[in-house]
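Each remark here refers to the structure printed beneath this line.
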Amino acid sequence: MNRPFISLSTDFGSGNKGIGVMKSVILGICPEALVIDLAHDIEPFDILGGARLFEAVESLMVGCHICVVDPGVGTDRHAIAIETKRGDYLIGPDNGVLLPAASFLGGIVRVHALTNDRYMRLPVSAIFHGRDVFAPAAAHLSNGLSIADFGPLIDSSELHPAPYNEAVYDRGVIRATVIHANHYGNVFLNIRNQELHRLAKTGQTIQLNAGDRTVDLPYRRTFGEVEVGQPVIMDDDFGRIEIAVNQGSFLQILSLKPGDAVELRSNKLTVNS
Amino acid sequence: MNRPFISLSTDFGSGNKGIGVMKSVILGICPEALVIDLAHDIEPFDILGGARLFEAVESLMVGCHICVVDPGVGTDRHAIAIETKRGDYLIGPDNGVLLPAASFLGGIVRVHALTNDRYMRLPVSAIFHGRDVFAPAAAHLSNGLSIADFGPLIDSSELHPAPYNEAVYDRGVIRATVIHANHYGNVFLNIRNQELHRLAKTGQTIQLNAGDRTVDLPYRRTFGEVEVGQPVIMDDDFGRIEIAVNQGSFLQILSLKPGDAVELRSNKLTVNS
Amino acid sequence: MNRPFISLSTDFGSGNKGIGVMKSVILGICPEALVIDLAHDIEPFDILGGARLFEAVESLMVGCHICVVDPGVGTDRHAIAIETKRGDYLIGPDNGVLLPAASFLGGIVRVHALTNDRYMRLPVSAIFHGRDVFAPAAAHLSNGLSIADFGPLIDSSELHPAPYNEAVYDRGVIRATVIHANHYGNVFLNIRNQELHRLAKTGQTIQLNAGDRTVDLPYRRTFGEVEVGQPVIMDDDFGRIEIAVNQGSFLQILSLKPGDAVELRSNKLTVNS
């Protein structure tokens, strides 16, 4: 048995009635779908934060994943569906919010605009495309429609750019971007676990540069492997790299915010240079 | 295939354990039901606010819709099920909270009291009828029982009145009531989209009177069709009329709260009078 | 038809993406499972509060109930599954959080450690056992695996002790512990409804002692059976005993917090002593 799987991520806020409405629209078209909530507390209109949260679809089953962070709803921005190499469909606005997740899922196979109103809830609201465009698209894709039925192919080079790209490894240096800072004061970077392994192994130390500040970070598996109050860099639980302080706040050591640029070097290479 | 659909709206607060308990009771009786949350952050005991939120069942599939905003639980207020013209069943206390939704769904076909304890979870708690009375009723109705099996017919004229009725159109004037003011400062009225169209078309201007205050409101499709800081009246996404300010707060122009009376006139008629 | 039932309780916070991820893991293994949320707003790492909330599984269908309140994740604490006399499986860390619920469900039949990595999501994260250990265990149990397939039998006397035990009745006195105080100022005790009935019937008065303070509490069915501002002791809706003030706060009469010891006596016995 193979029930289609659909996840929902929005900036509506947990508890918003629009979430239930989207589920009803989906189940009205595809009653067998397994529909789950991934995240609804994305900061309103926060494309970077939404893109970061939406990366977690990699931990979900292959399926249709909707992301509604859509400050441009009602303008001429495209509604799109992205087919990924893993076999998922990512559905939402063409504002970059879907692209980091697409990268996590192996990259883009093809992208189509959602323009065929045969697969929309009519009349389409000017401001609630989650209900009228994205939810129906996910449900019809789950019913087996082809992505090509929804509208024209879009060249992926013409998509609105992502709010951040993957960090770049270049001769012993990783140039990275802060993509999240949580309320514990932990900082997350746009570095995939395996990319950091090119720089260092757990047990070694990594040097972080942000502007003119430098911090040495032991690369460990968990908080508890450094002393209380000491900083640590480690793999997070969703495939990225996290910087933290054992029972403390890394932001109090180094004030960073999403979008900030940082550089990481292995200490050994630093010494050699 | 036709799976029964049940929605839940309560004032328990998102995350309250009572919500999961109600779902378990439903699924224990009707395992095939599709159960979704509509709204659980209704202000405790706020019948007007609950009634307004519960109107959104019109955007859901035809099914059983439970609303638990029930300050009178444990007193002699009736528990009721309302059959609507659209084919839904609205289930909750007889305190008016179900009636605006019933009106949205085409009106009332018949109402029965829920008194047959064969279809209750026993012993019935004095204060948790959501679990013991309303959830079982929705599940048994979903299994195909007749509404008449649950208890005696109630004359709908004997129901506790709604917290607000539909606005009244009378010779070029709509007498309306504020039913919601959100945290952006937008105000919602008890006027159905199509009723406002009797007064004006989008593109025209509508005059709002509240006490001795008068505001001219351009009737447009979205915020963006007026200048930043300017007020606008438009259709909302759930069939009602919304008054807002583009990137601002209408409440700062005119302080209104749920229950307040307002009048709307087309500007042309005002000039003619 | 008999669909397996799984409930989720965590301290992740409602809206946390980890909840959706756990559901996806479960449904990937057991697509027919009915998965519902019981409680996710347990205070982080609060084992007593989590144990108290998790008792509400008694109001749910027989099934697999996961509780993730797990300050020791990543240490050598066991992951366990408890089979209860009612027929449920309680799944979570061996830190006591599962035990009050087990008592509510008739007691423990047997306990097994979850050590067989054939039934884990690999690689197992150091800090997200909800996804990698507990969710897969619940899904495989729901598919019909035996609890003995997951790892060795554990003697229940070797489990980490519960954060509180059942209150003790001894010759007209109940020695109890406060297990919850809510934001209304109501206090909940580790006394089962039927145990209080050994002391008094509704209508009688019970004397509460906390340290050197004494309060007489009418034992009634609901708040409304005492005057406004007066204290009352009553059965709560989840099988425990609740102390409240009609339209007021009992905490303002007597400051109590979870873990505090109290004694209850029937007034008649007090007079006799």
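Going in written order, the chains are labelled A, B and C, and every chain counts its residues from 1.
As a working rule, contacts are C-beta pairs under 8 Å (C-beta built on N, C-alpha and C of every residue); 3 or more make two chains touch, one makes a residue touch a chain.
Quick caveat, the model's predicted, so the values are computed rather than measured.
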What rotation angle superposes the Cα atoms of chain A onto chain C, in degrees to the nearest 5? 120
Determine whether chain A and chain B, two copies of the same sequence, contact each other through the same residue numbers or different ones, counting it as same when over half of the numbers at the interface appear on both sides. different
Taking each chain's centre as the mean of its CA atoms, how far is chain A from chain B in angstrom? 35
Going through chain C residue by residue, note those that touch at least 2 other chains and give them in order. 14
Show me the residue ranges of chain A that touch chain C in the complex, using the header's touch definition. 1-3, 5, 7, 14, 34, 36-41, 53, 56, 59-61, 221-222, 224, 237
Show which residues of chain A lie in contact with chain B when the two form their complex. 14-17, 19-21, 23-25, 27-28, 31-32, 74-75, 125-128, 131
